[in-house]
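In what follows, subunit A forms one complex with subunit B and a second complex with subunit C.
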Partner chain A sequence: MIQISRLSRTDWFGPLLATVIGITIVQSFSATFLSAYNVQILLLAIAVNALVAFSQMIIIAIGQMNLSVGAIGGLAAISFAGALEVWGLPAPIALVFALFVGALCGMANGILIRITGISAFVITLATLSIYKGINLGITEAQPFYGIPDSVKNFGSALLIGPIPWLVVPTLLITLLLWFMLRRLPIGRFILAVGSNDHAAALSGISVGVTVVAAHAISGFLAAMAGVLVVARLQIGQPSIGDDWLILSFAAPVIGGAILAGGHVSTTATLLGVVIVAIITQALVLFSIDPFLVQVVLGAMILAAVGLNKLRARQPLKGSI
Partner chain B sequence: MAATPIFEARGVEKAFPGVLALKGVNISLSPGSIHALLGENGAGKSTLIKVITGVHQPTAGAMFLDGVETSFASPRDAIAKGIGVVHQERNLFPRFSVAENIHLEQLATSYLKPVDYARLNREARPWLEALELDLDPATLVSELSVARMQLVEIAKALSLKSRVLLLDEPTASLTSSETDRLFSILRRLRDDGTSLVFVSHKLEEVQEICDRVTVLRDGANACDGLSMQGVDRNQLVQMMIGRAEGAAVWRHRDTSAQPEVLGLRGVSTVLGHRDITLSVRKGEIVGLYGLVGVGRTELAKAIMGQFPVTGGEVRVHGKTVQIGSVADAVHRHGLGYISEDRKTEGLILQHSVLANAGVPIWRKLSRAFGSLSDGRIETVVTPFLRKLEVKTPSLAQIVGNLSGGNQQKISVAKWLAAGVSFLIVDEPSVGIDIKTKAYLHDLLRELADNGTAILLISSDMPEMIALADRIAVMDNYRIKGEVANTGVYADISRNIMDLIHGPQASAVAV
Partner chain C sequence: MSAQDFISAAPLAQSGGLSRTRFFLSNEFGLILLIAVFAVVFAMTTRGFLSPFNLFSLGRNSAVNIMIGLSMMTVIVTGGLNLAVGAMGVSAAMTCGWMIEALGLPWPLAVWGGLALGAGLGFINGWTVVRTGLHSFIITLATMSIFFGVMIFLTRAEAYRGLPDIFSAFGKMKFATYFSPLLVVTLVSALALAWLYRFTVTGREMLAAGASPAAAELSGIRVGRVVILCHMLSGVLAGMAALMLVTRNGAAIPSMAGQLGQDWLLPAFLGPVLGGTLLQGGKVSVLGTVLGAFLVTMLSSGLLMLQIGAFWVQTFLGLMLLIAVLLDKARRSYLARRNLA
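So, the complex of A and B:
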């Protein structure tokens, strides 16, 4: 009993339980759910969505929010596709360029927030519009089609069994983020600043550098997600990223992130992405109206925030 | 002076736009001493601490470390030079371990070098042991009590090789036994050669533990490193406020003939109060004494309708009432509550003085005139602000920009302006300076004399005795009994302790 209550306090236990229960239920209704093809579809969605969620998670960790996650991802995606088609750059260089664009956009967010002292909400709302505007200005809303075969192959190739190659970068980034937030000073500083920026400054942490770094990481992750989508779709769609916002908040919050900052969990956020993917997939399998996905996502955010609130109270009671 | 000072500040001035906060202050800290830094709110204590710890740069004057002139570019710089500080507000990260909190400073030199937690825990242990803290360094800070958090902050400061350690109101949130423990630790640190600076409003504590004292008044020295020997409380007060403390005289008043304003009969609440019976008459000040956490503030909030009353009877002016909400309590029944937590519960820091002071009377004024006019509010509010000597450039000033003392005065003034017939005053003098406290006491007496019924919640026994007509004693969410105020400190405190700890206390459970 004691062990269960301790487990229930960790961030990953609840989402893991929900994942297992979710898979069991859906599988029992639809035997095709765990078919190789379906697992592949699930993993492809998870590979991209996890990066989107991490991009937001890192900003939630510093107690801010980034509304421009999707716009950065979209701009990076068309930068990648454009560099390939228009400039004819080799794929690795185009990748570096796109990631650089993403990190730069994120950094611009962070610097603007620090210099002006205006809330992240307003700044990223403005840059959302600016980045999207640049995107549409460059593409004139037309996709880039000239994606080389190497990229297309990467986007559709399977590693082993139903596991696509696309999950590899996501997996590596998950490990890196987990390590950063646990072990690297920059990760600890991000959590410290999110928890209490005044105290962080008094402990000798440069709050400005930390905030800008967090936004740069966020931009980088969004760009990575954008590039993966290009590889998967095999075209550079200007509309990439348009529908990321809700999901980017849903997964970290389901993973127990505290929106006020200072506490996020990489593993639980990943599980949050998995849960969202399972539910989305289930609605498709049961041929329920896909528009209902939005409603379900919204309801899940509300439920998760409520649960987090309850959980936050529990340890207090125990210690008094 | 016996030893060469570790730290010395000479003629330090600090100007803010429009204000000269420090007008040439001297302070000199010797090794192995506990130095009291006293002053009323707004005297310049906080500014001086900020200058010494590198938060502010002085506009003029010089600072010396071991006799060598120095300056602090930033808080980090001051820390690196051996100036540690434990701030009044907690500066720990609750979700980080004790060890990481202690050593965060050392981590801040690099962004990418992996953190070695085993080493952090190992290195944190000696500092915890030095403070007799029996604690696993890997424990999360969120699991500690407030007192232990404070000791962790001291451990953090010590681990930075602080030779000067500033403690800003370290006992504000401690119980008396925790305070004793803290003091024995501070004495040991002193004996090991650390120079401690102790900032507190509690003069008894200052007299108990400090050997030297520097008093600031209006941004200048009222005294500089005076030896505490032979200095009595009255002299300290005189230096702080420029006059002797008006002795808080208790006066006996007979209010038994007055009608009851608020009566509780066998009240229980969702918060766990059982069988609360309490009566406050017109013009009476009833003290509600008890230790922190026994349910006093909670009872106040239940009376104000914030938490439901589940049993018993609440009577206002003799009529049984059901108070459903705070708005109900304020507007329908004329009950007011001055919160202990003025900053988060009492004031809207971003709003103006006028807006804050006028909140409870908006409804009243708007009902009579259809709409609100600032001028109308101003005429009602101004006399009370003036009486409390609120120092503000104008009524349009944002409350958040005023000093803490002035903020507290405004939160009192707003209820006075509302003209409530029953007022709960929760720990009115926590963190308030002596002069303001004396005014506040005069004011509460005057209010009572004019017919307001007051329920005074306080852990400050002298304050209780100075103000209350009778004292109800609370323990564990129950009223243990009442003590008449005879004005004799020893009798009353013994009676109260009997009620809380005595044999009869455990038997009373009806």
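So, the complex of A and C:
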């Protein structure tokens, strides 16, 4: 009994239970759910969405929010595709360029928030519009088609069995993030600033540097997600990232992240992405209206924040 | 402290004794100045900016944008946000279209039906925010997805095009060749809101609940009920904005506010933030919101006429929001140094 109650207090246990139950239920209704092809589709969706969710998660960790995740992802995606097509750069250099653009955009967010002291919501709403406008201004809403074969092959190649190559960067980043938030000073600083920035400043942490670093990491992750979408779609669409907003909040919140900051879990966020992917897939498999995906996502956010609130109330009575 | 003391203490202190310097440093004066400057610049540099047709479309667009700004403002008053403005508005407009086409109701009834749905959705938002005690950001983020999803699911993403002619006739109507009646609707709503916040008990309670919920609760204001009321008001105003768009388009289109209604987010925040409404709640400027939203509409129209390129307009709007909050910050610290505010 003690074991179970201790498990139930960890962030990853609930989502993991939900994932297993979800897979069992969907599989029992539809035998094709765990077929090789379907697993491949699921993993492709998870590979991109996990990065989107991590990008938001880092910002939630410092107790802020980043509305511009999708706009940064889109701008990085067209930077990548544009560098390949217009400048004819080799793919690795274009990748570095796109990631640099993403990190720079994120850093700009962080610096603006830090210097002005204006809420992250307003700043990132403004930069959302700026980045999206630059994206549209450069592309005039036309996609880049000239993606070289090496990138296209990477986007469609399989590693072993149904596992696509695209999950490899996501997996590496997940491990890195997990290690960073657990062991590296910058990860601990981010969490410390998120839970109480005043206390963090008093214990010698540079709050400004930490906030800017968190935003730069967020931009970097969003850019990575954008590049992966280009590899998967095989064109550089300007509309990449338009629909990331809800998803980027859903997964961390399902993974038990506290919006006030200071408490996130990489594993649980990844499981949150998996749960969202399973439910989306199940709706398609059961030929339920795809329009309902939005409703389910919204309902899941509500349910998750409600549950988090209940969970938070148990150990610390009366403090929330 | 009694309720009466508290209510009269907070906002009146700012609006009451308007000294001359303070008026010149106010947001509203700055906005009027900016509007005048840009109007002159655009009138001189572009051809046709002051043409009756452009003035007419400017009035029509600003009517919608001001209404969207007001809709957001009513929730910002309580220190919250309403990301679902677009989703609620479109849902209300689609309900109106459905009542006319599928139920065959007369149009006035359908308009009331749409607005009632807006109020109902606002109630759901407000009730959830109050009952869960969570920040309205995450609640309205979720309900934005839910409302829009249900609306798209029920309408099958198809538009209602067979609306009575009175809708498009109202949208096309012109007073004195350049004045849109939609602007009248918006200005009347703005006046009503200004009256609400200045002279009615409910309005003062809303401001008090936004300024300090705990203090308001102690002074006998039922904060929960007031917050729900603010959200309902926001829903009605969002519905009105969407219905105005319907009269402009001549049809109720599910995508008129973009994916999930996200296209309304920027105009919704631009108006109140430019107009000096505090995001923390408790202070409101209806006139500022109207002027702010008008300035934004005028700038985007002028920039389009300067042929800077339609695709860059969004960047300029974002930059404007940024500059606006920076200027506001500078103004506030200046006032604080001079002990004026």
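What we mean here is this: the second predicted complex is superposed on the first by the 316 of 320 C-alpha atoms of A that agree within 3 Å, B and C clash if a C-alpha of one lies under 4 Å from a C-alpha of the other, contacts with A are read in each partner's own complex, and residues count from 1 in each chain.
Basically, a contact is a pair of C-beta atoms (placed from the backbone, for glycine too) under 8 Å apart; a residue touches a chain by one contact, two chains touch by 3 or more.
Treat the numbers as computed from the prediction; the structure is a model and nothing was measured.
Visitor: In the overlaid three-chain picture, which partner chain does A:204 touch, first (subunit B) or second (subunit C), both, or neither?
Guide: first
Visitor: State whether A:195 touches subunit B only (first), subunit C only (second), both chains, or neither.
Guide: first
Visitor: Is A:184 touching the first partner subunit B, the second partner subunit C, both, or neither of them?
Guide: first
Visitor: Residues of subunit A touched by subunit B versus by subunit C: which partner has the larger set?
Guide: More residues of subunit A are touched by C.
Visitor: Look at A:299 in the shared chain and tell me whether it touches subunit B only, subunit C only, both, or neither; answer first, second, both or neither.
Guide: It touches subunit C, and subunit B stays clear.
Visitor: Taking the stated contact definition, name every residue in subunit A that is touched by subunit B in one complex and by subunit C in the other, in rising order.
Guide: In subunit A, no position sits in both the subunit B and subunit C interfaces.
Visitor: Mind listing the subunit A positions that touch subunit C in their complex?
Guide: That would be residues 65, 112, 116-119, 121-123, 125-134, 136-137, 139-141, 242-243, 245-246, 249, 253, 259, 289, 291-299, 301-302, 305-306, 309 of subunit A.
Visitor: Enumerate the contact residues on subunit C facing subunit A in the complex.
Guide: 81, 128, 132-135, 137-139, 141-150, 152-153, 156-157, 259-260, 262, 265-266, 269, 273, 279, 309, 311-319, 321-322, 325-326, 329
Visitor: Which part of subunit B faces subunit A closely enough to touch in the complex?
Guide: 75-76, 79, 87, 90-96, 100, 104-105, 107-108, 110-115, 142-145
Visitor: Which residues of subunit A touch subunit B in the complex?
Guide: Touch residues, subunit A against subunit B: 179, 183-186, 188-189, 191-192, 195-196, 198-206, 209, 213, 262-263, 315, 319.
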